[in-house]
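Next come the structures, one after another.
Each of the next two complexes has chain A plus one more chain, namely chain B in the first and chain C in the second.
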Partner chain A sequence: MNDTTYTIPVGPVHPALKEPIELVLNVEGEKIVGVDVICSQVHRGIEWLGMNRNNTVQNIYLSERVCGICNVCHPYCMVMAVEDALGMEVPERANYIRTIVAELERIHSHLLWAGVAAHEIGFDTVFHYSWALREEIMDTIEYVTGNRVTKAIMMVGGVRRDIDKDRRERIEKAMEYYLQHFHKIEDIFLHDKTIKMRTRNTGILTKEDALKLCAVGPLARASGVKKDVRQDMPYGAYAELDMRAITPDMYTGEIVGDVYDRIIVRLLEVKQSVELIKGALENMPSGPILSEKNYVKLLSILKRAEGEGIGRVEAPRGEDIHYVRLEKGKESFLSWKIRAPTYNNVLPWIPMLLGGEIADVPIVAASTDPCMSCLNRVTVVDEDKNKKYEITKDYMHEQSLKKTRRLMRNE
Partner chain B sequence: MAMLTEVWKLVFKRPFTNRFPAKYAPKNVHHFLRRVQEGKEKIVPPVPTPPNFRGKIEYDMDKCVGCGLCIKVCPTKAIEFRQCEKAEILHCKEGVKLATPLKIRIYVSRCCFCAQCTEICPKKCLSMSSEFLLANEDKMAKELIVDGLH
Partner chain C sequence: MNEIFEIFSAVVGTFVLGAFSILFGLSVKGIDRKISARMQWRIGSPLRQPFRDVRKLLLKESVLPKNAVSWIYNSSPVISLASLLTILLFIPIGSIPALLGGSGDIIVVLYLLIIPSIAIIIGGYSSGSPFSSVGAQREMVLLISYELPLAMVIFTLAWRLNILYPSYSALSFETFQKFPIWNSVSFLGFIGAGIFLIVILLVTTAELAKVPFDIPEAETEIAEGVYVEYSGRNYAMFYLADAVKIVVLSAIIIAIFFPYNLSPLLSQYYPVAPWLGYTIDILFFMFKTIIIAIIAMTFLRTSLARLKIDQIVKVYWFHLFTASLIAMILIALDTMGVF
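Here is the complex of A and B:
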């Protein structure tokens, strides 16, 4: 660092960032030469509550509040982990309903993101337009689950509400609406000169960096990594529906890995979700929706259960993992660990921002669809402040060798 | 450019938002509500809620047996036991006796509207209404405490 370099702190509270995270940028003129990301500004102790205060059924609603937007993936992931620990089978119909609700949420989340991204580049008309389009899906969610945001539909061993004829018609109506309006969103976002100018070749994340930094979700797919839990390890009803990870070369024929590619991936995923929901509604079998209807019995099963389980779900932002350990006689979890997708997607900010301009910081940060409230239940590795915040493969390998030697010495 | 034609179309459309509670935001809400009560102004009705909407909880005290299952599953600990003021004739192992049965009290200001209690209730004495205008300055206001007495 020389004396022409300035350090600009952005955040923890900053108008460009919706949620608290701190960025420390070293700039020379307008060019960014150094980036540091400081997380953990909104730790709320959710895992602690799950391990000490609540029982498993209460934890479903607590995990719903990990993130306001991903409030199906987190409980979905948690009940999958609990079912894994219990060895409980989920009825086929419940799997289909879970899939439909998760996809409804993905449409809502991606449209919300599209609005925020437009807002970040100062295109507020598009912001309001895409949020007006999003209202349709919010109304559908309200009709299907009983509330606009917190759906409260997941339960250990199934779902709590069935999709009957009225609800099915309402979903079909909404899907028609989106198929009709999709070309409009596509036209506005992908063929607009302003958006293309601001997003093409901005915040490039190469495939190598995406793999090295373990990027997940649309961010990784936009860089050409064909990674999607729905495709790689199908859960719910995805195995029966034809599900393929979307990469931007399906639309433009090339992979750049910039913000524009991320817009393409997210918009195509909206269309894909619409098709998945239509397919799921057609193939939905009849039958029970809960494997254990009696909640009192379920509570006693959960109290007696022992074991550990892992749930993996593709959230709108990427792969979400919940680890749960149950102990006999303890109503709350013995251990509960949440790894939210934003944890992986924060490290790629550094290669994306380096060499860019300060004006690009909001859109590049927003292009990963960060969710700080999700992120902040993990402890961030605290490194020396003067050191560059980048974990290379060699560094990890070296650390691993060191640890092996240390363990061998102790033995 | 693609947006420009859309914007022109939107200029001639009716607003997407429902103008609740009045067409223009009132400067003073209390003043506005007083005028509504006097009949000088009208409230623009809110968007109707869908069926199965989860609004303010309703409690039928007479059906309740005080088993406490709702207290066990409530994620926000919004429900607590309460001793009934009125003594009732109870039939128990020892025969007939006069006692005050256990009932519950629900603090709506803590409720997260998950409706788990209504599903676990063996007597189905809890239900979700479609009432959702619950904003209040006082958390312990009379409207926000459901104990089946009011």
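Here is the complex of A and C:
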């Protein structure tokens, strides 16, 4: 650090960040020459509650509250892990309903993100417009699941609510609404000159960096990594719906890996979700929606169960993983580990921000659609800048082994 | 005796003008917020919201940051507001001539216009927060950016009028008032003046630091930047200064480009009492102010995203400078009588 550099703390509380995280920026004038990310500001001990207080069914509601926005993908992921541990089959219809609800969530999440991103570049009109368009999907979700935000539809071995004729019509109506209005959103975001000026060539993440830093979700896809759990390891009904990962070259013919590309990916995903939902509604088979209707019996099965399972779900922000281990005689999980997508997507902030300007920080940070309450802890070190603490690869490896042992309760 | 009366009327006039510009400025702010909200599919706050804001700010505690330079920190809001109120003394309002008008008042106004920005810069630096330092840097760059087109507009038009009417003082709003620019030029000059009008409207947006040129504040980037540490009474001063600035900048544009009044027109048809004439002209002035504020502020800030600092410098030094240069050449051609 020389005389011309000074430090700007962005966070833990800052208007650019919707949730607490701390970014320490070293700047020369407006140029960013050093970045450090300090996480773990909102550790809420959800995993601890799941391992010590609640039983498995109660954990579904707990996992729904890991994140306010991804409140389908976390419980979906968790029940998948539990079903994996139990070896339980899910009825076909339940898989379709899960898929539909997950895609409804993706539409609402991406539109919410679009509004936030517009606000970050000072374009409040677009913020209000996209949130007004989002109201339709929120109303649909409320009509279909009974709740506007936390949908409470997942259950071990199926779903709790069926999509009957009424609800189906409501969803179809909403999908028509979005197909009609899609060109409006597209026009605002992809053809507005000032939005393009602020987002083109801003916060570039190269394909190499995206692979090296294990970026997930729309962030990785915008950099040209064709990675999508729905395509790579299809769950639910995705295998039957012909799901393909979306990359920006489908729209513009080239991959830059900047914020603009991330906007393209998310907008195209909204359209894709609409098509997936329409396809799922058409192909939805009839049949039961739960494999074990008797909750008392289900709880006793869960109590007697032994084993471990993994759930992988493509959340709106990227790949979500839940690891669950059950032990005989224990009502709560023996161990539960959540790896939310933001955990992977915080690291790429550094290559994206270095060399940028202070004005880029909000939109670049927002372009990963960060969700801090999902992410629990991460340590980032810029080794070139000689920070006070330095974590080597060996040390990290040793720490991970320790943590794995602790999670396995083998220590 | 006469002198005493003059001084007395100037003092009373200053108070009246100050009160008028603050109240009117806050109302314009309210109108701006309402229109912007309607454009964004919102209902928006009531028109009196800015008054409530000021009342609340005046009741709040004014916090002094630990590492701030207190006397600079506390005086810069006052300087900012005071210099803006001073500018109003030089500008004719409606058909009322300027209180302190005279030769060369345009130069005084141009210098006084810089003072609020300088006060914000100094206040920002003295508050000792990294955010306000960045904000102050940005304000400085912004100031340097828009000064050039602004000076070009005013001096070219003054030069044109000076050549046409050499017996009048060129750099005075009175001359502009007497000979509206649109009537004094031919076709080419008309286009040139039109370009200048667009340039000065865009300069107004930056002077007011509104989106897309609100980089010194840039809420999501540097947390209101220069104002980040200001609170209570001090912030209320800045808030009032912002409101008065809208009136001042609109009044300058009106004085240069639209110095027309309604009362001479009306008196051709009806006999208009002098007090009624003044009232009508002031109301017409307020109407013009609101229109200019909506065009230069509300529409732009609602329909554009915030630009980055390098993009703003490019807009002013490249695009607007080129536009002003073309307009200057057009007016020069007009003066030489090419067409």
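Going forward, the second predicted complex is superposed on the first by the 376 of 411 C-alpha atoms of A that agree within 3 Å, B and C clash if a C-alpha of one lies under 4 Å from a C-alpha of the other, contacts with A are read in each partner's own complex, and residues count from 1 in each chain.
What we mean here is this: a residue touches a chain if its C-beta (ideal position, glycine included) is under 8 Å from a C-beta of that chain, and two chains touch if they have at least 3 such contacts.
In this text the structure is predicted, and so the values were computed from the model without any measurement.
By the touch criterion defined above, A:Pro9 reaches chain C but does not reach chain B.
By the touch criterion stated above, A:Tyr143 is placed in contact with chain B alone, chain C being left untouched.
By the document's definition of touching, of the two partners only chain B reaches A:Val296; chain C does not.
Residue contacts after overlaying the shared chain place A:Val57 against chain B, while chain C stays out of touching range.
When both complexes are overlaid on chain A, the residue A:Glu30 reaches chain C alone and has no touch with chain B. Residue contacts after overlaying the shared chain place A:Gly122 against chain C, while chain B stays out of touching range. In the superposition on chain A, A:Tyr251 contacts neither chain B nor chain C.
By the touch criterion stated above, A:Lys184 is placed in contact with chain B alone, chain C being left untouched. Contact with both chain B and chain C is seen for A:Ala132 once the two complexes are overlaid on the shared chain. Judged by the document's definition of touching, chain A residues 123, 125-126, 129, 132, 192 lie at the interface with chain B and also at the interface with chain C.
The touching residues of chain C, counted against chain A in their complex, run 39-42, 130-131, 133-134, 137-138, 211-212, 214-215, 218-223, 302-311. Residues of chain A that touch chain B in their complex: 54-55, 57-62, 64-65, 123, 125-126, 129, 132, 135, 139, 142-143, 146-147, 150, 152, 160-161, 166, 184, 187-188, 191-193, 295-296, 299. The touching residues of chain B, when paired with chain A in their complex, are 1-3, 6-7, 10, 16, 50-54, 69, 72-76, 112-116, 119-120, 122, 128. Here chain A touches chain C in the complex through residues 6-9, 14-16, 27, 29-30, 118-126, 128-129, 132, 192, 194-195, 197-198, 357-362, going by the rule given at the top.
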